[in-house]
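Let me begin by presenting the structure, written as structure tokens, before commenting on it.
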Amino acid sequence: MKSTLLWSGIASLAQLIWLVLAGPLALGLMRKVRSVIEGRDGARVTQPLRDLRKLAARQRTRPTDATWIFSAAPLVLVASALVLGALSPLASLHVLMSSRVDVVAVLFVLLLGSVALLLSALDTGTAFAGMGSSRAAMVGAMTEPALLVAILAMSLGAGTSNLARLVDAGVATSTLAGPARILALVSFFIAVLAETGRLPVDNPATHLELTMIHEAMILEYAGPDLALITWGESMRLVLLVGLFSNLALPWGIATSVGALSLGVGLLALTLKVAVVAIGVSLFEVTTAKLRLFRVPELLAGAFLLGVLSVISAVALR
Amino acid sequence: MTRLLALTVVAGLAAIAWGALSSRARVPLSALALVVSSAGAATLAVRVLATGTNFAWSQTNVLPLGGLDVRLTPLGALFVLVSAVVAIASSVYWTGYARHAMAGRSASASFALFTLSLLVVPMAGNVTTFLFAWELMALSSLILVAHDHARRPESISAARWYAVMTQGGAGAITLALVGLAAHAHSTRFSAIATASTHLSGAVASTFFLFALAGFASKAGVVPLHVWLPKAHAEAPGPVSALMSGAMVNLGVYGIILVGRTLLPQGPQWWWLVVSLLGGTTAAVGALYAATSRDLKRLLAYSTSDNMGLVLLALGASGLSLSTQHPRVASLALATAMVLLVNHSLFKSTLFLGAGAVHAATGSRNMDELGGLSRLMPLTSVTFLVGALAVSAIPPLNGFTGEWLLFQSLLHSLASHDVASVVAGTLAVAAMALTGGLTIIAFVKAFGITFLGRGRTERALGAHEATFSMRVAQGALALACVATGVVPYLLVGVVARGLAGVASPSISGWATLRLSSLSGALTPLFLSGALLGALALVAGWRTLVQRRHGFANVATLEAWGSGRHHQSPQMQYTATSYGEPILRVFDDVLRPDRDLDVSHVVESRYYLERIRYRASNEDVIERFLYRPALALLRAWARRVRVLANGSVHRYLAYGLAALVVILVILK
Amino acid sequence: MTFRIAVRALTRRSRDAEILAAPTTLHPSAARLHGSLQVRHVDAGSCNGCELELTSCFSPVYDVERFGARLVASPRHADAIIVSGPVTHNLHEPLRKTYDAMGEPRLVISLGDCAHDCGEFRGAYGVAGSVDDVLAVDAHVPGCPPHPTDIVRVLRSFTGQ
Amino acid sequence: MKVSYVTPLDLAVVVVIVTAALTLWRQSLVASLRALSLQGVGLGVVAMVLGAHRRDPVLVFVGVLVLLIKGAAIPRLISRVVARDHPGREGSPLINIPASLVGAGLLTLLAFGATRGLVALIATPAARLIPFGVATTLIGFFAMVVRRRAVSQIVGLLTIDNGIALTAFLATSGVPLVVELGVSLDVLLAVAVLRVLAGHLHRQFNIQDLDQLRDLHD
């Protein structure tokens, strides 16, 4: 019993450290893939880590009218991502509290970070930040139905919304290609793209304030605060991509405790996340950003796929 | 226990009398009496919950038709307890708020009467007592909604809507309850419940639908919700807190009373109707909350939204019961109660906060506010807690409710029954949509009102609420945090309240576990982990700043792309914040937009001014009530021909009526 | 089509030996920048010649991003502002505001001859002065317009990559 | 119930319904034609899988036929009209796209609720999928109601037809060859006629939206 707890702790810690590094590296990888396809060499994969290191050595700033919310938001964003990194089954099914963390909890802890950022933008008292906050809130509100219905469909198959058991159910079944599952995963994937501010919903590389969604919210942050936000956002991306790939292809995740299985789990996780990240950036290069008011159409489609998935889960059992 | 009841009633009556008669220290003393009265009721409720036995007391010769009959069941005790908690906070708050408004005799007496009646309704053991208390509650709150009529003409219109809807609702309830009582030959609820087995299906359904309509209008269920945003917005701070935190609950209490206690063998479609009403209400409420710019109107629509979620859980419970899934039914009923109690706690926090803002600035229009968090630090923190709780952000209490709702719906979908599956899927969709919209609404409510820069003189001249107001807000906000971090505080009480109605469905102190269903959640550890991570990251930030020799945070002018002048008016307003949603749901909300561009005379290329007007009136009011009222008015005009003032004509009507009666009775 | 682009990109060889040679002289602040330079560009009244050249620095030909430099949208995110053109009266205050909006430590790079001594526009009625008159300049890229190779060289003297 | 046959069948049916949803989702006419062609392929695969399972060569042949006609011939026919007369996208539909997608979700729920009895009655693995056939029909109908363009209407009509065919395949042991042939050819003919009509309307009155036909009335 005691050793199980110890091993869960080690697994959580390993995941935490993995996430801290994997976030910026995934960002670097995605930029690299994009550059290569655009015909450039692009920055090194480790460049985001250098950026973070440099940002940490700069002075923090705050706008004149900002309150404690402005300075607390980056902390909340990163803290929520760290907690989920330690407690969700990414590399191992046996992490701390694995029997008590379910998908809904993960979703709402992520929301905690998003809300912190939405509020911090309004706290700056500038027009662009308010605009970004309003748009991000709209996209978030449209994403949630798709995400929740997709989660419901996946949970219906397993009879539970507990994350570890959901992933475990995926490990156990031989047929990965049930219609309910595929539909739910597609819906979930679109929602992940929207939630993490990737194309075609938001362009993370834009410099024009009027075309920004997420970027407009963080125009006021500098130095370590900006580093925290970039870092937190990248960890959220990796977290969601990791969860997605574990739900889609749970192979390789550690189902037993022990150093070897944990190592294999981390390796498999890294591979899966890298593949999905490369896929996402390939997709990003080939699509244009949607007009802001076409985004709800995309998300409504994802929602419909989720509903179809729920119905197939019920009809085809 | 009878002594506690006596304490409640006597102290309540004293509060009414003191409010109506005294001129010295009217508000403090009558508030004190109200606190004593509510504390008495709360103690009574806690005793009933702790022992699990009913408390009964009756006095047959006070009222006709069965007399006063008090019968406090654990379920009723749960509602009494919630009402009492909100009432204590509101009364304390009132002592400070009275400096701003609501210090007059009629207002004081009505407030006391309102509070007392809220405590008595769930104690009622027979139809007469129930209707008597219900009417007192309706009338006293009506007076309070209209109390500021001299200064605000809007409050008269609000009061008129409220009066019509609440009396119509009371009429429907009376019809249903009296009908049931007539069938059972007794006004006692217990006798009605035993007699209901002999009731034919159609009759039972008719009574249920009448009761549902009446109670649903009290709970702000679409399409009977139109009074709610008007009345809640116009009522003074402590009254809207009571209305939203205690009165609308009683609508739900009524639905449970009739649907589960009095008519326990209802057919499945009743609950399908409840589910559909709940889903619609949640969606409409959330949409209007996300697009409102009046702070209290936003809170009121959010009340509708939350009651919709409660009905979804209630509907899922009923559906699961009829498909023989008693465990899911118990879980869903417990969920409904958890959602309800959560809502009472955070919504009264929010309404008290909104009242403080209104008292400090004289405005409820968020477009005129901004930057209040520096001027009203405590109010802003309590409002933030309430806003995060209603948005179901962990680790606050709203999160537990949302999680339980998802679990109930997930497990209710596991049944093979068509109605459950259809209702469950719709319910999850409605819940998810409202979840997102609620976040927009409350990020807006808090962010636009309290953050950024003050948009007008009113906002810049605000001051923090008085001590007693802060105490009340702070206590309620603390309750939100406590019940969020340790949900057992709430779940345990709810389980005791449902002792007679449903089997226990949730267990565990630090970790909530669903009995014999899969699902567990541990907000306590989760919040611990969050706090730890927060400390870690904060430590890192301080450390790197210090290592690189930065003693403080540089305070710089906000970056405005280098433009010369940035005014507070350039910030996003509540209207603009909700605009994307207004556009996306254009087909549903049908907003009125009007863009008026005038050019200078000399050249069309130069604009003199642009005026943009957008109104977002309730679509149900516009397309359902207004046409109905117009029809009624046209009809009334035609009928007026009959009354032209001639006495002979009136006498002729009398004669004709007499003749008709004689013919019929022959 | 995507495939063809990818193949071309993967097989591309370095075109310009001069761009790829490691920077010989480093700016003193390069040590604390750790190979990362975020730049906010300010056009203080340029004829847009410098802008064209700056844009081509980020194109596939010169690709300065591979050396760790990146354009950003907000001066708060930037380590340096890169200012082009003579400073006109209209943009005098915005330029100051942009500089003030950066946190410490901050750098100023002037781009093109006009930024150094107002070039062609010296003494014009709309011109307030050169960038040197307004801000303390840390590095200068000469030329009218400056050659992208020179811009890359200066940027690399900061990133050290 | 053999796993080897259920999963491909399920997937093919899901392809049909998802493509039906896609015709509502995308505004681009080219995209909805692509979806339509995929839908035909899905339908053909359904027939072939069922045929293979029931060892019914006629049904397999019907499947191949459906695949060719509905998956290739008809979409190509329409896309020629599109290429000639129509710019690439549907104008604003009568109901905006998020709302119509939600509507499609509700219709699917309705189809699910309405066919429960039928499914229970037949009780074969294929019959479980009947709700999707009915839902496809309803979505096609819905698309005809909310879309303006003549071409979109044709796409809606074909979706209805596909839905009916799907339901028939799933509910019975398959449609007799003659009937299916007849229906498919009928549809082909109807499309050809509609195509001519649409082209005619376009040349004669420069009309693309059917709403504009109302103007002709006056």
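Each chain carries a letter (A, B, C and D) given by its place in the written order, and its residues are counted from 1.
Please note the rule applied: contacts are C-beta pairs under 8 Å (C-beta built on N, C-alpha and C of every residue); 3 or more make two chains touch, one makes a residue touch a chain.
What you see is a predicted model; the values in this text were computed from it and never measured.
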Field: Touching both subunit B and subunit C (chains)
entry: A
Statement: When A-C and A-B are ranked by contacting C-beta pairs, first comes A-B
Query: Hey, which chain ends up farthest from subunit B, C-alpha centres compared?
result: C
- prompt: If you average the CA atoms of subunit C and of subunit D, how far apart do the two points sit, in angstrom?
  reply: 57
Statement: Between the Cα centroids of subunit A and subunit C the separation in whole angstrom comes to 34
Query: Taking each chain's centre as its mean C-alpha position, how far apart are subunit A and subunit B in Å?
result: 35
Centre-of-Cα separation between subunit D and subunit B, whole angstrom: 47
Statement: Within subunit B, the set of residues that touch 2 or more other chains is 421, 425, 429, 550, 554, 556-557, 559-561, 584
Task: Scan subunit C for residues touching two or more other chains and write them down.
output: 74, 76, 103-104
Message: Could you pull out the residues of subunit A that touch at least 2 other chains?
response: 57-61, 209, 219-220, 296, 303, 307, 311, 314
- prompt: Between which chains is there touch?
  reply: A-B, A-C, A-D, B-C, B-D
Query: In the complex of these two chains, what residues of subunit A are touching subunit C?
result: 35-44, 47, 50-51, 53-54, 57-61, 206-209, 212, 215, 219-223, 226, 282, 285-286
Parts of subunit B lying in touch with subunit D, wherever the complex brings them together: 418-419, 421-422, 425-426, 429, 584, 586-588
- request: Would you pull the subunit B residues touching subunit A in the complex into a rising list?
  value: 290, 370-371, 373-374, 388, 391-394, 399, 402-403, 406-407, 409-410, 413-414, 416, 421, 425, 428-429, 431-433, 435-437, 439-440, 443-444, 446-448, 451-453, 511, 518-522, 525-526, 529-530, 533-534, 536-538, 541, 544-545, 548, 550, 553-561, 566, 568, 570-572, 576-581, 583-584
Subunit C residues touching subunit A - in the complex, by the definition given at the top: 2, 5-6, 8-10, 12, 32-36, 38, 59-60, 63, 65-68, 70-74, 76-77, 79, 102-105
Subunit C residues touching subunit B - in the complex, by the definition given at the top: 42, 74-76, 91, 93-95, 97-98, 100-101, 103-104
